[in-house]
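One structure coming up, written as structure tokens, with questions to follow.
Each chain carries a letter (A, B, C, D and E) given by its place in the written order, and its residues are counted from 1.
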Amino acid sequence: MLHNPTRFKPSPIEKDFEENDEELEFYDFNEPEPGSPPGTLIIDEDASIPNIFLIDYNADEAIGVQLSTPEDCIPYLDSQSVSWLDVQGLGSEDVLKRLGKVFNLHELVLEDIVNIPQRPKVESFADQELIILHMVTSRDDGRGFYDEQVSLILGKNYILTVQEEPENDVFEPIRQRIHRNRGVIRSQKADYLTYALIDAIVDGFFPVLEDYGERLEDLQDEVVENPTRQTLDKIHKIKRELLLLRRAIWPQRDAINALIREESPLIDRQVQIFLRDCYDHTVQVIDMVETYRELAANLMDIYLSSLSNSTNEIMRFLTVISTVFIPLTFISGVYGMNFDTDIPGNMPELKMPLGYYFFWCVILAVSGGLLFYFWKKGWLFSPK
Amino acid sequence: MLHNPTRFKPSPIEKDFEENDEELEFYDFNEPEPGSPPGTLIIDEDASIPNIFLIDYNADEAIGVQLSTPEDCIPYLDSQSVSWLDVQGLGSEDVLKRLGKVFNLHELVLEDIVNIPQRPKVESFADQELIILHMVTSRDDGRGFYDEQVSLILGKNYILTVQEEPENDVFEPIRQRIHRNRGVIRSQKADYLTYALIDAIVDGFFPVLEDYGERLEDLQDEVVENPTRQTLDKIHKIKRELLLLRRAIWPQRDAINALIREESPLIDRQVQIFLRDCYDHTVQVIDMVETYRELAANLMDIYLSSLSNSTNEIMRFLTVISTVFIPLTFISGVYGMNFDTDIPGNMPELKMPLGYYFFWCVILAVSGGLLFYFWKKGWLFSPK
Amino acid sequence: MLHNPTRFKPSPIEKDFEENDEELEFYDFNEPEPGSPPGTLIIDEDASIPNIFLIDYNADEAIGVQLSTPEDCIPYLDSQSVSWLDVQGLGSEDVLKRLGKVFNLHELVLEDIVNIPQRPKVESFADQELIILHMVTSRDDGRGFYDEQVSLILGKNYILTVQEEPENDVFEPIRQRIHRNRGVIRSQKADYLTYALIDAIVDGFFPVLEDYGERLEDLQDEVVENPTRQTLDKIHKIKRELLLLRRAIWPQRDAINALIREESPLIDRQVQIFLRDCYDHTVQVIDMVETYRELAANLMDIYLSSLSNSTNEIMRFLTVISTVFIPLTFISGVYGMNFDTDIPGNMPELKMPLGYYFFWCVILAVSGGLLFYFWKKGWLFSPK
Amino acid sequence: MLHNPTRFKPSPIEKDFEENDEELEFYDFNEPEPGSPPGTLIIDEDASIPNIFLIDYNADEAIGVQLSTPEDCIPYLDSQSVSWLDVQGLGSEDVLKRLGKVFNLHELVLEDIVNIPQRPKVESFADQELIILHMVTSRDDGRGFYDEQVSLILGKNYILTVQEEPENDVFEPIRQRIHRNRGVIRSQKADYLTYALIDAIVDGFFPVLEDYGERLEDLQDEVVENPTRQTLDKIHKIKRELLLLRRAIWPQRDAINALIREESPLIDRQVQIFLRDCYDHTVQVIDMVETYRELAANLMDIYLSSLSNSTNEIMRFLTVISTVFIPLTFISGVYGMNFDTDIPGNMPELKMPLGYYFFWCVILAVSGGLLFYFWKKGWLFSPK
Amino acid sequence: MLHNPTRFKPSPIEKDFEENDEELEFYDFNEPEPGSPPGTLIIDEDASIPNIFLIDYNADEAIGVQLSTPEDCIPYLDSQSVSWLDVQGLGSEDVLKRLGKVFNLHELVLEDIVNIPQRPKVESFADQELIILHMVTSRDDGRGFYDEQVSLILGKNYILTVQEEPENDVFEPIRQRIHRNRGVIRSQKADYLTYALIDAIVDGFFPVLEDYGERLEDLQDEVVENPTRQTLDKIHKIKRELLLLRRAIWPQRDAINALIREESPLIDRQVQIFLRDCYDHTVQVIDMVETYRELAANLMDIYLSSLSNSTNEIMRFLTVISTVFIPLTFISGVYGMNFDTDIPGNMPELKMPLGYYFFWCVILAVSGGLLFYFWKKGWLFSPK
């Protein structure tokens, strides 16, 4: 049926995500000027040119092609097989508008797809379901994660997915399952594919969380044993990133819940049972994010306590040394005075035999007494 | 149809917003004396004299005039075209009361419009919808924002908006869309215009939030690298301002939600779909405000930790220097004593050959030992 | 119709509210012994003897009399005009019990009126509505507020109000509006009067809040510029008082909401629209109380940070001075030693020409080096 | 009808509540081994042997007897009069099981009664209502309170109450009201008695709260004026005890609310109005507990601030004294050096006339300058 | 009927739980790769090989056998008696898949059972109820607890339980009750057995909580009397573990509540009354966990306060010693100066008779004055 099968998903172009990139997630958003008419699309100048991939399958065969224009998919949409159009990149207003026309998208839907980031949500239209989710993927350097908006438009026998970037998606195993006909996916409808995609997105949070689990465990040792300024930075960074994760996953729960409860002709009751499983996983992710956030908050408390502990210890050391030697210095100072010893009664100690030995005895007695006092108070040895 | 087309929105008179102005937002409110009859209007003496602008349009033509009295708009209201009366300034009780008569406003509605600030809300009356919202605009100096109450009264084929001030509104692009007939706005009813205005107000929060995002990012660097008293002030200021933003946006969500759910003859179902988009944006704004508030709270924690860190470092330095030199000073003090060296056994070191070199050896040994001890404890070099 | 018109509301007897009075608001309550039968009245021995004022009006005339016994009002109650009986003071069990009989109050209602303080609430009875609210008034000295329970019993054509004290009420303007026939109040029923009284009570929170706004603003400057122990006390005091305000206003919201939603024959639908306005004001008061509470909590944080900052600065100063002079003192101590300079090699510096100048050079070099080090670390000048 | 009237409630045997007893409230609970069959009773070996008191009354007469076995009450239960069986003590499995048989209790009900503590709750059975509440009573030494579970089983014309201990109950006034026929209690049914008992239990929280109010007030003075380690202990103790109170009262609210809403043939609508009053009091208790908890949390903050303040003050003192004297000591050290004054240029000051006076002038100038500097910085006098 | 009765539950093989094991509970989870088809089972390589035990009983007889393959249980399932198949260990994909086939489990159910940990939940299927709970058991060394997922599948006359591990279950008493025919369990259906198992799991939290109660009590003494770094670690550890407990018990409440409310043909109304008791216990466990969490948070506060207190005390000590001796040292330094006493007016004190005694008088006066000052300030004796 299809004549141009290409490999599934091209090797992603190595794009450079700068180090400080993740800072921007909190602050960057593409909103049109206040007062713009609805449907105004904001194209970020750094955005990638969209790649368009089509996978079309039925129980018997499956094929994947890279399309050059959105209109190329029209013949596939008209067939009875399931068509999955995957658009990767938001860098061309023209392509996106033509896409909107091909799929007959409401102007607000197109705006939601393009003007990232949107809150995850589900909206029902006459013959389409719009599902906006956030997909996270671990960074290779283990420092943070990429957060990408994925919009799914589910129609009668097609599904359109729009990703922000060509890199870092979690859909490859699903492409393989379709391609190699593993499991039941090939014999199911578009709603099952939707479930599979949502499931992949939700399960994609787990590896990211595992990274954070390890980082928290490392930090915990560091914060107790050797807290430095870097530790503070790291805790703060983790807290910020967990805040981002939280913002991505919480509304996802409501969105998936809406999908389960909805009476939509597009989603089969059988598939809703599968979606209930996605929902459970989402709740589990939320549980873990909240737990990690609490652990990170605890780390902050321990950091402060460790610092106070350290200051206390330093002060104790200073106090012991100072208060032992300050009286001694005074005593030696006394015998360094130049009172005229020829005048009787003036500093007789200086002329006494054994005066010097007597001086050392006083020194030892005073310092010994003080050290004993400190030892009793528990200041001498810092508790390990 | 209209004979006196003036330019849309006159250039705002440069009014001086004093530096400390924003402090007052928490504490200033125009409430009548307790026990006053309902409908008592409080005119702030600093309030601007109302300017009245009328825009009247249908699919074919649009015209904008500045009116001198509220009654001038009556002929426009009676026509079939959509009339938008925009009143800017609350400084004249007479004008406002006549306005109330022209539009047949309930005395409580007039009170809500004039006695600012009110909480955002929606109230339905027989043939009118009262919508009270807060409009925020960035200050030019990037320090904070202006918060202005906008009251919208939606009627059959008119909309009345009342703003606090003639400056700083976000409606200019909408005036332009009407004037230049961009988009579908000219062919729609007053409810669509209402949506457009609400949309502009909600989207107006985004540029303000972007400012705060940048300020938070700057502050974050400052708080880790070089926390000073100013940093504390800045964090506190941002927290206060975010509190204000929060107070402005939270009830807005409920108000817009009420508009969506209401079965009003004045608002078309089609327009409610657009309002759902406004609602999503409002939720997004709330999300961001809450996120920023949490980030600001984190900054406060980091500030305190940085301070403790700094105190700890200073103490460590003092301790190292003090505890190294205090014993040395004692030793030198001992050999400055004036014990009579002619008495045998009294300070024999002073007469020993090489006594002086021996003294320096002791000094070096003691200080070396202490420094080694500090180095092992990690006190010598402050962790960077 | 009435023969003894007296002046409206007698000048309040100057009663002395002691300074520490407000402390007690948290802890004082008149509860009967556990196990007492319902309806047991607790008369506080300090309570004022009740004054009873009656205002009776219709559209044509209004009159105010001070009654000596509760039974004196019976003829007025039987007439068609609206009767407002205002009882001020809870100091006589006899009077209150007779009042209960005249108005046919349930024993629990009488208990709620007398055994102050009660939580604000609304309870419906066959032909009466019991409304318990808290009325706050600013103290003249600007330090805190008075909190007084007001019980309103609304009947067919009468309203009974019971106040704790004869002083400090917010009803005077309403008495004037009735007396001088301002607004529509004279032509309305008892339910409108009820609205007017509730409105006055709710609006009475605004001046009190304004006081707190000013105090918070003053405190904010103080806490940043010159935090002392008094500042801590003041913050704590404001937090306590806002806690009291909060406790007074929160349940008020529920009570007024109940009044709006209730289908009561005693309250007209038209009046419920006015009550909706009261409700909005109550929510606004709650908003402000919560905002002020958050601001006060912020002040506490800033106070602590300022203290840490101050300690840090002091430590830095001590460290600079100590670590500069301690080595110098050691050096001068060395040359104060009494090693026998006749023995060759013993302290040759003492006999060197220019030895003394050399000594000062060393001193200057050491102290200069240290000061340069401190300057580079930024410890020399405290950041302003 | 009854032949053995004894005095109402025997004088409680003085049992020794150890000092550390209250610590255990958090941790002690009688739960059967996991996996035990339902209805397994756990008898604490320290529990008191049950005393069984019966009060039986109607409008005409009332009588109180101490029973030796549970079965003794059967004739009373069969009569038309109201029977109140009060069992005090949980120390005998045999008695409790026979009690269960006499009253035909579900095995889970008996378990709930005996295996203390349970959460307050209400459960309906065919012809019985089970009400489990917590009764608190002040300790005589004013340190904390006793918390005792009371189980009420309301039947057709009887009520069974089971208390943990024979001491410290709040029911004595009710026994007196029945005995002396005060109020309407004698002419009412068992449901009114139930109300009276619940009312006594709820009102029993107020004296306990009054104690805490006083302790908080005392602590507040202490924490500002003279915070010590004991203060910390006291704050912590109050926080723990308020936590206990809170745990006792919160579920009580739900339980009483359930009683009010329930359509039970055992509870008259008229009595439900009285229970509404209990509910209000419960909410008031909750309000106060939460307020006290917040006040206690504030005290903790103030304690920490006071400590920081004190450390700051001590540091300031140390800094002033140290930095004034350290330079002076250096200067005096300089002139104690032994440079050979015969070599020209070596320490010429020592031989100058008035050198000594000049020295003192320098000393005065340096210390005066430093003190002036400290005075300007506000470090000299600690702000009171 | 059964021919191979073995002892109930084999003695658990002593498996070594390493010390750091519990750290992993936060971070370890068996989730399939994102994008895997539903029903993918993840077998942990450390997981135990499943042991399969069958207990089959009716009112007359009961028998327990260890089965070698899941299919061995088929004849028992077909009989009218109640069959309880207990699978302990998740180490064999083959066994688990065959188990799924025998019991006709949905692929998602099997995934939930195997891919631990799941959130506690209840799901209804046509003829099965899936109940996933968490079972906790104390560790023998009193340090923490084991947390194990138990999945219960309730069918018509059977129940299948799947545990993570062969060790540490709380079901032994129930096996004994069945074996020895104690209570009513033998005469009941599978739903009663389900209740008994859930009850055992919920009650299994109490001994664990008792351990934490004791540890908290110990810690509380430690934190006030002698706070060290270990104390901090211990508090942190308890907080982490309580967080785990909380995560295990909170969703359990919802699950059991769902069981109570559900109209399932598999669960009798009579058994739901028993489940209500489980629900109460779960709420009680939650109450206690939350209380313990709050107590642990309090401990953290006290720890910090104690540290501040200790630092304050050390500083006070240093300050007293330093400020007493520093002036003395200065004075003795003065009289150690070498001003030429032959020049008149230079240091006349040195030649005065009694000059030395005068020196000591000054020393005593200065130090006495300072000590008196400190005593008045309350710095001399640390408050105990």
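Keep in mind that, in the parts below, a residue touches a chain if its C-beta (ideal position, glycine included) is under 8 Å from a C-beta of that chain, and two chains touch if they have at least 3 such contacts.
It should be emphasised that the depicted structure is a prediction, and the values quoted were computed from it without experimental measurement.
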| item | value |
| --- | --- |
| Turn needed to bring chain C onto chain E - CA fit, degrees, nearest 5 | 145 |
| Separation of mean Cα positions, chain C and chain B [Å, integer] | 27 |
| Euclidean distance of C-alpha centroids - chain A vs chain C, Å | 43 |
| Multi-partner residues of chain D (each touching 2 or more other chains) | 304, 308, 311, 315, 318, 322, 326, 329, 333, 336-338, 347 |
| Chain ring listed from chain A, with chain B in second place | A, B, C, D, E |
| Residues of chain A touching chain B in the complex | 23, 26-27, 29, 31-38, 106, 108, 111-112, 118-119, 121, 123, 226, 228-230, 232-233, 236, 239-240, 243, 247, 300, 303-304, 307-308, 310-311, 314-315, 317-318, 321-322, 325-326, 328-329, 332-333, 335-338, 341, 347, 349-357, 359 |
| Residues of chain D touching chain C in the complex | 170-174, 177, 182-185, 196, 199-204, 206-207, 210, 213-214, 216-217, 224, 273-274, 276-277, 280-281, 283-284, 287, 291-292, 294-295, 298, 301-302, 304-306, 308-309, 311-312, 315-316, 318-319, 322-323, 326-327, 329-330, 333-334, 336-340, 343-347, 378-379, 383-384 |
